[in-house]
Amino acid sequence: MNKQKMKQQMHAILVLQKRMSQTRFWGVGIFLVMSISFIIASVLLINQLNYTQTNTILLEKEIMLIPLIINAILIALYLSFSSMVQIAREYEQGTYELLLYGPMDEKTFLLGYFISQIKIFLICLLATILWTLICIRQLNLALQPELFLIFLLSLLMTTQLISFGILFASISRNTRTSVIYFSLTMLFLAGIALADTIISRLVTITVSTANDPLLIVRDVLATINSVIQWVSPFSLMVNAINAALDQVWSIFTFNSVLILIEIILLLSISIWTIRRKGVRAA
Amino acid sequence: MKKKNTFRWSISLLIIILLLTIVVQVFAVDTDEFVYAGNYYNGITYSSNFIPPKTNAIYLLANEDSILSARLTETYYWPLTNEIKASWDKQNEPVQGQLEILQNGQIISVLERTNYTIQYDANDMFGTIELYVGEEAIASRIAFEQAQLDYREALQAYNEAYNEYEAALTAFMDKVREENLTVSEEDFPTEPQKSEDMSLYSTNLLQGFLINLPVGNYTIQFRLPDGSIQENSKKELTIFEAIQDGIGYTVFSKDRWTIDESNEEESQIIYTTKENTIFLQPYHQKQYNELYYLRMADPQETSARKDRAIWMPFSDLTDLNLLISNNKTESTISETDYYVQQTKGYTLGYDILKFDPETMDTISFSAYGIDASYAGQVINIQATDSEGNLLPSSAREIRVINIQRTWVVYVLAVLPILLGIVFLYSRRKNVRNEKIIA
Amino acid sequence: MIETKNLTKKFGNFTAVENLSLSIDHGESYGFLGPNGSGKTTTILMLLGVLKPTSGEVKIEGQSVQTDSFNLKKKIGVVAEYQKYYDEMTAWEYIQFFADLYEVADKEAKANLLFDRLGLEKWKNVLIKGYSTGMQKKLGFARALIHSPQLLILDEPVSGLDPFSITQVRELLLDVKSKGCALLISSHILSEIEKLVDRVGIIYKGNLIAQDTMQGLRHMVGQRNYLQLSFKTINQAQIQNFADLSFVKKIETKSNQLKLFIDQDTEEYRAEIGQLILKNDLVVLELEKKEPNLEETFITITENNFKQIADQVSSTGEKNE
């Protein structure tokens, strides 16, 4: 690809992302989600502090970990959902076709959306960092260097979720269908992990015979979960965060690289899909 | 139509697979297998493990005596824990032969079966546990049996003497009553002294192969008397050592002194509340590779990971001082004995007092007590040896949380939506949202 | 300016466009006509580089659209039939967004000028969702022209516009045309096209079945100019006298009204008709020379299949009695 075309593509991406980012802040949606995620994070954080008060001691490497993960997941889900809906609407309304009449192609279109969502997340992340630092200062919590790795990983997870959203929008080209399938996929990813944990615990409590069907359910769930762990943004992030807290940099790097590879893969498939499908339904 | 059929076929296939799994599990037959069983040293004590036929890796600590024995037993699959287990009660036969240790394909050692026994004093198990092998094992076992015999004889002699004492006491009391005598304490029959309970414990005299190797990767195989290699006997043997030594702390607080937690790493912060006292008990700990260490104990362990490390407590630490840095002031504290005194009256509770040998019976615990006085306080601690040298990996941070400021967290949380409303208002002001009919 | 050579697009076994070759010069306006499903949109999408042709090529200023699509797309403006907008934006923000996309220098001045010419100045800060259909259409013109394109592709440009707006838009289009912009107009409102186009291409079932000037096209399909004469009274013999004139190719009668279809190249007919009127002592109520409009030409062509049209083209000049 020649340099001039790259420059033009970059320009188109920047213009599109600027518009997307601007319009996002014209509504209250993102602000509402930020507030809700901060409130949930606050409740979780204060629960831990209340526990400390009851128990009189709490030994914790990173007290902000859970609140920050929940905060990041909520914002990431919102951004992936909204970017997916916006892209699907562009297809449905025909504005996508109109954009392609101009100096833009499928790749720049998707990357424009992608970068705009990353930019919005970075703004949210900045707010989250600010919130975290104030909480740490006000509540006399420890500021650990690993905290910044958690922020980095939340960025990676969000990026991966947004890529998932873009893929669903590119495949379905329909708001309702993409929302349904995306929701089901996310529920499946989170649900299997949760079910696996619950059933494993249930097995140790209730199962007394080797022929209990619950054992088969447990083994099936464990097998599915072991596969899902390699693709689920939530699993990869949690693995990487645990590795960062344990200072096992090989696992941290491995999971981070895996997330990056999946992002590239998801975006490539999205671009290939919309190119293949053309500008309008046949 | 085609889609519907595919769906039906998929469901049917899934059901068949599930049923087959059940059938395989229900009708799985126990089989006689060659297995290794071991008594491994884990850095503190000896424990036993079992290496199933299909498990190919064995882990042991370097430069420590451990035992592997070759046995014939029945094994079965236990689905509850997803493990192969041995039916030792049904069958447990030693297998005759030699254990060969190979490195890089070359036999470096051929081990003969030897006698061994493990003994310890139940009053101080970790401090006294000992593995005896060969002649020493026989001698130790004989000594143990002799000690058992002596103890029984002494116990019998004591019982007899006690019976005599009771009879004499009864006779004496009858005489005093009948004759209405005035007696002093010296006139009473002397009560016999019971000898100390036997606290020594010993395993039977067992047979196995003594393994004590430096760090490295080895292979073991079992050669039968006919010169052939026993099936399923070839295993990879990983000999490992601690990655590093460190100092951990047992932590508990004034208000819940019976509930303690372990603080293993410097990055683990100790959060507490104001007007509390934190007690610390330092201990020596060792860090091992998680996979190696956990698989040593249970070769079928599945959650352990090679790239993670695990801290294991090793021994208590005494003769240390703690250097306390608190708001630019430094002080040193030493270990103090404490006495837990139950609160008198109706209220359930207790006070932790410094032990005073004059007025108190026994020491409840010994620890380093640190006062957390006010919210927002940060206390840094580090252990020093008797000469005042700072001990590595002993630094910890105690933070007194400021629970009164939690409202700030909630206020911050609602700021984004307020900002959003400002943005929305500003947008509404700058654009016209109207329907033009022109 | 733009040239296509043997442009073909196939979707599986279906051929949407076949061997289409056309060219439009700077300052020329080209009417692109065809019924629904004839391949107009497919052709336009290929011209824009959005759809890859199965074979053939599109060149703009001598360069292939496929190889340098970004630069070439910047030279093209498009007014689509149905305007799609971002409802949350104002008209001004919308135009500024496209101006940024096309890297327009002095974008605010240009936008102001276009808003002024299209009569949108007063409503530029209104959210687009509040715009009427006609205003949205005009906003589409502003968007298409903000980067001063060298080729303007217009799909049904005046549909949804009121007569006043049509005049505004027509003037704007003639203005940009006069500045060298090539126009490719695809429309069903043929009377409007007629006022704007220099040449017309007719596409039918993926084939460009006719391409010429308006006059040439009429000639090609055998349609003639005609004289419409209304008399106070006229009898059959007198009608026959008109029919016998050498330049009259066909005659239609309706009570006292005659339609004389004449050879387009003949200019001497005026004197001969005048003499015949005097000779027969006829009282003329009306005399007007008329040309068949584009609509009639279009219908004539597409009502027949390609082979029939080809036959017609080859037999041009034959007298249709």
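Should a chain be cited, it is by its letter among A, B and C, assigned in written order, with residues numbered from 1 in that chain.
As a convention for this text, a contact is a pair of C-beta atoms (placed from the backbone, for glycine too) under 8 Å apart; a residue touches a chain by one contact, two chains touch by 3 or more.
From a predicted model like this one, the values you see are computed outputs, not experimental measurements.
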_Middle chain, criterion being Cα centroid separation_ = A
*Given the two chain pairs A-C and B-C, which is bridged by the higher number of C-beta pairs in contact?*
A-C
*asked:* Counting only Cα atoms for the centres, state how far chain A is from chain B in Å.
replied: 39
_How many angstrom lie between the centres of chain A and chain C, each centre taken as the mean Cα position?_
52
*In whole angstrom, what separates the CA-based centres of chain B and chain C?*
90
*Do you know which chain A residues sit against two or more other chains?*
26-27
*At which residue positions does chain B touch at least two other chains?*
none
*In the complex, go through chain B and note every residue touching chain A.*
18, 21-22, 25-26, 78-80, 82, 251-256, 259, 261-263, 265, 267-273, 276, 278, 305, 307-309, 375-378, 397, 399-403, 405-406, 408-410, 412-417, 419-421, 423-424, 427
*Could you pull out which chain B residues touch chain C in their complex?*
430-438
*asked:* For a test of understanding, state which residues of chain A touch chain C in their complex under the given definition.
replied: 4-5, 8-9, 11-12, 15-16, 18-19, 23, 26-27, 93-95, 97-105, 278-279, 282
_chain A - residues contacting chain B, complex_ = 25-28, 30-32, 34-35, 38-39, 41-42, 45-46, 49-50, 52-53, 55-61, 63, 127, 131, 134-135, 138-142, 144, 146, 203-204, 207, 210-211, 213, 215-216, 219-220, 243, 245-246, 248, 250-251
*Could you pull out which chain C residues touch chain B in their complex?*
90, 123, 125-127, 130-132, 134-135
